[in-house]
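Okay, structure first, notes after.
Here the chain labels run A, B, C and D in written order, and each chain numbers its own residues starting at 1.
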Amino acid sequence: MKLLEYQAKEVLASLGIAIPPGEVARTPDEAAWACGRLGPVAVKAQVPVGGRGKAGGIKVARTPDEARRAAEQIIGMDIKGFKVPLVYCEAALEIEREIYLGFTVDRDARANILMLSAKGGMDIEQVADDSPDSIARLYPNPWRGPLDFELTQLVFDAGLGDLARPLMAMIKKLYRAVPDYDALTAEINPLVVTKKGDVVAGDAKLEIDDNAAWRHKDLEQKYGALIEGDPYEVEAKKRGLTYVSLDGDIGIIGNGAGLCMSTLDLVQRAGGRPSNFCDIGGGAKAEVVENALAVILMNPKVKGVVINVFGGITRGDEVAKGIITARDNLNMKLPLVVRLSGTNEEEGREILKRNGIEPGVNAWAAAQKIVELTKSDAPTTAAARGSLPGERGGE
Amino acid sequence: MSILLDSSTRVIVQGITGREGSLHTEQMKSLGTKVVGGVSPGKGGTTHLGVPVFNTVADAIKATGANASGIFVPAPFAADAIMEAAAAGITLIVCITEGIPIQEMIRVKDFLRGYPQARLLGANCPGLITPGQAKIGIIPQRITKPGSIGLVSRSGTLTYEVASALSAAGMGQSTIVGIGGDPVLGLTFRDVIEMFEKDPATTQVVLIGEIGGSDEEHAAELLARGTRLKAVAFISGRTAPEGKRMGHAGAIISGNRGTAKSKEEAFRKAGVTVAETTDEIVGMLR
Amino acid sequence: MKLLEYQAKEVLASLGIAIPPGEVARTPDEAAWACGRLGPVAVKAQVPVGGRGKAGGIKVARTPDEARRAAEQIIGMDIKGFKVPLVYCEAALEIEREIYLGFTVDRDARANILMLSAKGGMDIEQVADDSPDSIARLYPNPWRGPLDFELTQLVFDAGLGDLARPLMAMIKKLYRAVPDYDALTAEINPLVVTKKGDVVAGDAKLEIDDNAAWRHKDLEQKYGALIEGDPYEVEAKKRGLTYVSLDGDIGIIGNGAGLCMSTLDLVQRAGGRPSNFCDIGGGAKAEVVENALAVILMNPKVKGVVINVFGGITRGDEVAKGIITARDNLNMKLPLVVRLSGTNEEEGREILKRNGIEPGVNAWAAAQKIVELTKSDAPTTAAARGSLPGERGGE
Amino acid sequence: MSILLDSSTRVIVQGITGREGSLHTEQMKSLGTKVVGGVSPGKGGTTHLGVPVFNTVADAIKATGANASGIFVPAPFAADAIMEAAAAGITLIVCITEGIPIQEMIRVKDFLRGYPQARLLGANCPGLITPGQAKIGIIPQRITKPGSIGLVSRSGTLTYEVASALSAAGMGQSTIVGIGGDPVLGLTFRDVIEMFEKDPATTQVVLIGEIGGSDEEHAAELLARGTRLKAVAFISGRTAPEGKRMGHAGAIISGNRGTAKSKEEAFRKAGVTVAETTDEIVGMLR
């Protein structure tokens, strides 16, 4: 779960990290009132993705009127596929210097890594390319956490020895996000040293491990509904699916991430453009297939769907029956190509054919078939799509 | 011959009394795997599926001489189960469980440094099978066939797909190893390739990789130093769009590594044939 | 710092451990009222030492009247040198079984140890002698704490597998006393399983590391004043001295624990009985010597004092001057023998002699001398003792 | 010859700019100890008492090639200082600081398992001195004299007392080692005796023990197996009353060990002469 900036800051504040005063605004008026209370503010788009500054998602407002106008422009704008649901109005800081402080999982090292650099701010990735040595790194032992002497070394390595005390305290607090919140990434960039000498989180990024969501239900309840910008991903999450939106027009369903990803590769190779990645895991029960199809069909751009299932333990005929049930329940009329493999695959293909579903002999054939069926198609009508979950759910 | 597992390996199942544990214990036994016991705290002293159940792995080893374990316990208990197996002396730990929090796996990896004899496969993997001899995990026996191809893969269903294509073409496998798709896992491509290299029964290897991480690159580096094995590699996710990144931390540490392109190039440089679709693999091995 | 039972239970309760309802009573009336509110209670002496049950410090009271009478008997009684300051009235438990659960530092292993036994209760030390295997043991890694599988093994090793869930939860909570409170010992004996099936701390012992007192000032403030039963030890603690009361009549001061202990050995060997152990550490400054003398002279039994100082870096003449200043400030008239060693020891001895203090040539001579000087002495008068800290401090 | 420390040992002082650190650095230097630097975070780049100061031990080692460290930092920072020294590669760590919380020392002991080359003396000890060559810590030079007696002790002032009696009697010392009086510490009697055994310059040893723990008993066990050293032991606290015990945990694990009687008996059984007062020691060594 990727938290929005204001949410990440609330969590970091609960760990004792100083953040500037700020208020969430869902409307331009709320932004104006917030500015009235806070004085000059930065009005910041709240989206779970980087680069919002360059996309025009951050504006400085000195007066309530300016804040209202900024919020009018920002709320609802699209940033890298996320529609901005609200803004965060934060008291402007008098910046003396900007530091980079980040924690993440280094999957190659199978370890956590803490990074600190005196060259904080927007260009940190450039800094990493140009002068990697200016980013000091520490791999804390995962049971012990960072030890004082390791933090001392980190701070001096980063050339920030004059700030050793406040920085070491800050890093220890930030690292609490690992044991306390199962954080995968926790980043403060810039970490601002103000002209008064305070050390304050200027921005904050926090990603919590979805595998540990059961330990952090409070976060999910408090923030979960607001976070995902993509409506299909939100719906998929509700239905317990592993789903990522893409910008093509062919729906993809596979069981297993690798199989699903290779189906995507094949569709693209055949000249098509996938609308999503959707892994339904093992088994391929009718209910799960129905959920996956329902989410994919929510997207009006989708012209057809390809399903790639390898039956490990589940039999091919059962999978075929499940797919037909799902299609019929959704009253789906769009082209549907299914590639079935594993036990009883021949029987399964027979059942599909009898029910008007195109069976692929292998994954490559299935990919070519769905591309062929969707290329010539006229724009889809609502009728062909069947009943959409939005319509059924009264959303 | 084979790697890691054969018909003499003495296997226990942690979580044997659960639904998944029961189902796959039966399948493992039906192939001939020597399942000597199971672990389920509180059920020690009972018998399940014809094998004795113990409260702890240590008890199970004492009574059965087990040296391998398959873990089928639910995610919140799986990291602990891995550490228990290692501390008790198990030398091959196969964790099938999906959804273990990454921070727990990072702690497990550090814990395992204290038990160098313990090799962990997974978590979130389909396990391994030495066709005709034994399996630990969930790879279906019927898609496999004894032979001389070593298969190592990050993806479960792609493994099945490739294995069944090989078997259908009459090309058997020495051992099939699913290393799992999690970011923090046990045995890597490189570890498994090293074992295949030492296994006289294995003459060819197939690697099925994925985007993300640098394990494929590390395996390619190893193969580049020279190998007696004929190797074919396939990378899935070649056309996957870049993930929506939040923050800079990931970019700072990974740079340009981890893409399908970087992995394929690494393999080509190492003299490894790269398949662009899984269908090509069989032909390339002939 | 050794906490009293009710204090230890308050701390354990803060860690989430279930304790029976109970109230502290400083007077018999308070005990009666507590019984009125709680129903049948155990009235328990609060002293930081074991064996109070056998000493008559625990009585069961079914009515307020019985509780009053029990408190009358217990408050003020002496248990192993501790005068009982108050009682704890605790609702009586319906006991199904008694378990032993203890944590302590195993100094030989340089590690923490957790112990669990199905044979809890007063006779646990006997159990340890007779059937050591019936006490299951676990050495948790100090960075990781006890892991779940280790606790599972511990519980099954103790033959308590049927209580695995509640016991594992309980042990994890108890172990929090190590990272959270720098506990050196934390013991629940008996850990009671009630007839209803609840698992409750029947008694509790908790010792906090004095070296970590700076991390736990809240505990010190809340409980510190009540704990130590011995008035001399309380006073010594206030003055920052390492002091243990003994029951003889010769005061002992030494610098360094080993030197102090060997002085004690020598006095005893010479036929005397030490009234205390008092280590003044290195340096032996006048102020520290004065503090040590002041505390020793509070005790009316003391007939004389021997000081054994080895000057490592401090010069003997300086030590001698410091001792004289201390004696004079306190107006002390009792026999005082000083054994001085190290640089300028001869000069130091000269100064002592000139000021009427007996110098010992070596520690053994000094010990013999103080025994000789105190044996024949008549009971000391208040005048000879000098001004006592109590009188000066207005206690 | 000597053990642990001689005039070629390259020593740094952690906490060199503090009051204690400064005082004893001067004394160490005046004896001829090769003090090559000091550590004081934030003061890196400066010079103190004629030696360079560094921010971290790692920096100090890089610049000076130090292999030993004396720690004089306040108690709340001392455990961390020990771990820093070990992680940076120091092989002899001498921690003078008193009052380190026991739980911190238990964690330090576990940490040190990862750095087997690092030997820790203390904490809460007077350090060690090889008379005429070098010292780390606070043992006064003038009470010592070069010679062939190895002295190892848990008590600071008793060490001084015995050393000065020996020196006054013309009996010099090879190395004097104060192992410290804390319940959880680094080098034990046994470790130090083993070193004396291997040191050709040492012909006799004096052990000064105390009640509590079983380290003296373990040393006696070692000596009982045979030694070329003439050994005398003294235990202080023979007449100390039993501590007022709270709870049973201590009694369960220690049983009857740890008393002066048990220690003296162990030494006598090992053929070690036991002194009843420190005054007897000189005579027993003649």
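We adopt the following convention: contacts are C-beta pairs under 8 Å (C-beta built on N, C-alpha and C of every residue); 3 or more make two chains touch, one makes a residue touch a chain.
Treat the numbers as computed from the prediction; the structure is a model and nothing was measured.
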| item | value |
| --- | --- |
| Far-end chain from subunit D, centres as C-alpha averages | A |
| Between subunit D and subunit A, distance of the C-alpha-averaged centres to the nearest whole Å | 57 |
| Subunit B and subunit D, separation of their C-alpha mean positions in angstrom | 50 |
| Contacts with two or more other chains, residues of subunit A listed in rising order | 141, 143-144 |
| Per-residue multi-chain contacts in subunit B, two or more chains | 111 |
| Chain contact topology (line, ring, star, complete or other) | other |
| Chain pairs in mutual contact under the definition given at the outset | A-B, A-C, A-D, B-C, C-D |
| Residues of subunit B that touch subunit A when the two form their complex | 75-76, 99-107, 109-111, 126, 138-140, 142-143, 153-161, 164, 181, 183-185, 208, 210-215, 236-241, 244-255, 257, 276-279 |
| Complex contacts: residues of subunit B adjacent to subunit C | 41-42, 44, 55-59, 77, 80-81, 83-84, 87, 111 |
| Footprint of subunit D on subunit A - complex, ascending | 144, 147-150, 152-153, 156, 161-162, 164 |
| Interfacial residue positions of subunit C with respect to subunit A in the complex | 141, 143-144 |
| Residue ranges of subunit C touching subunit D (in the complex, touch as defined) | 2, 48-50, 80-81, 100, 102-108, 110-113, 115, 124-125, 128-129, 135, 141-143, 178-179, 182-185, 187, 189, 205, 207, 209, 211-212, 214-215, 246, 254-259, 261-262, 264-266, 268-269, 277, 282, 310, 312-313, 341-343, 362-364 |
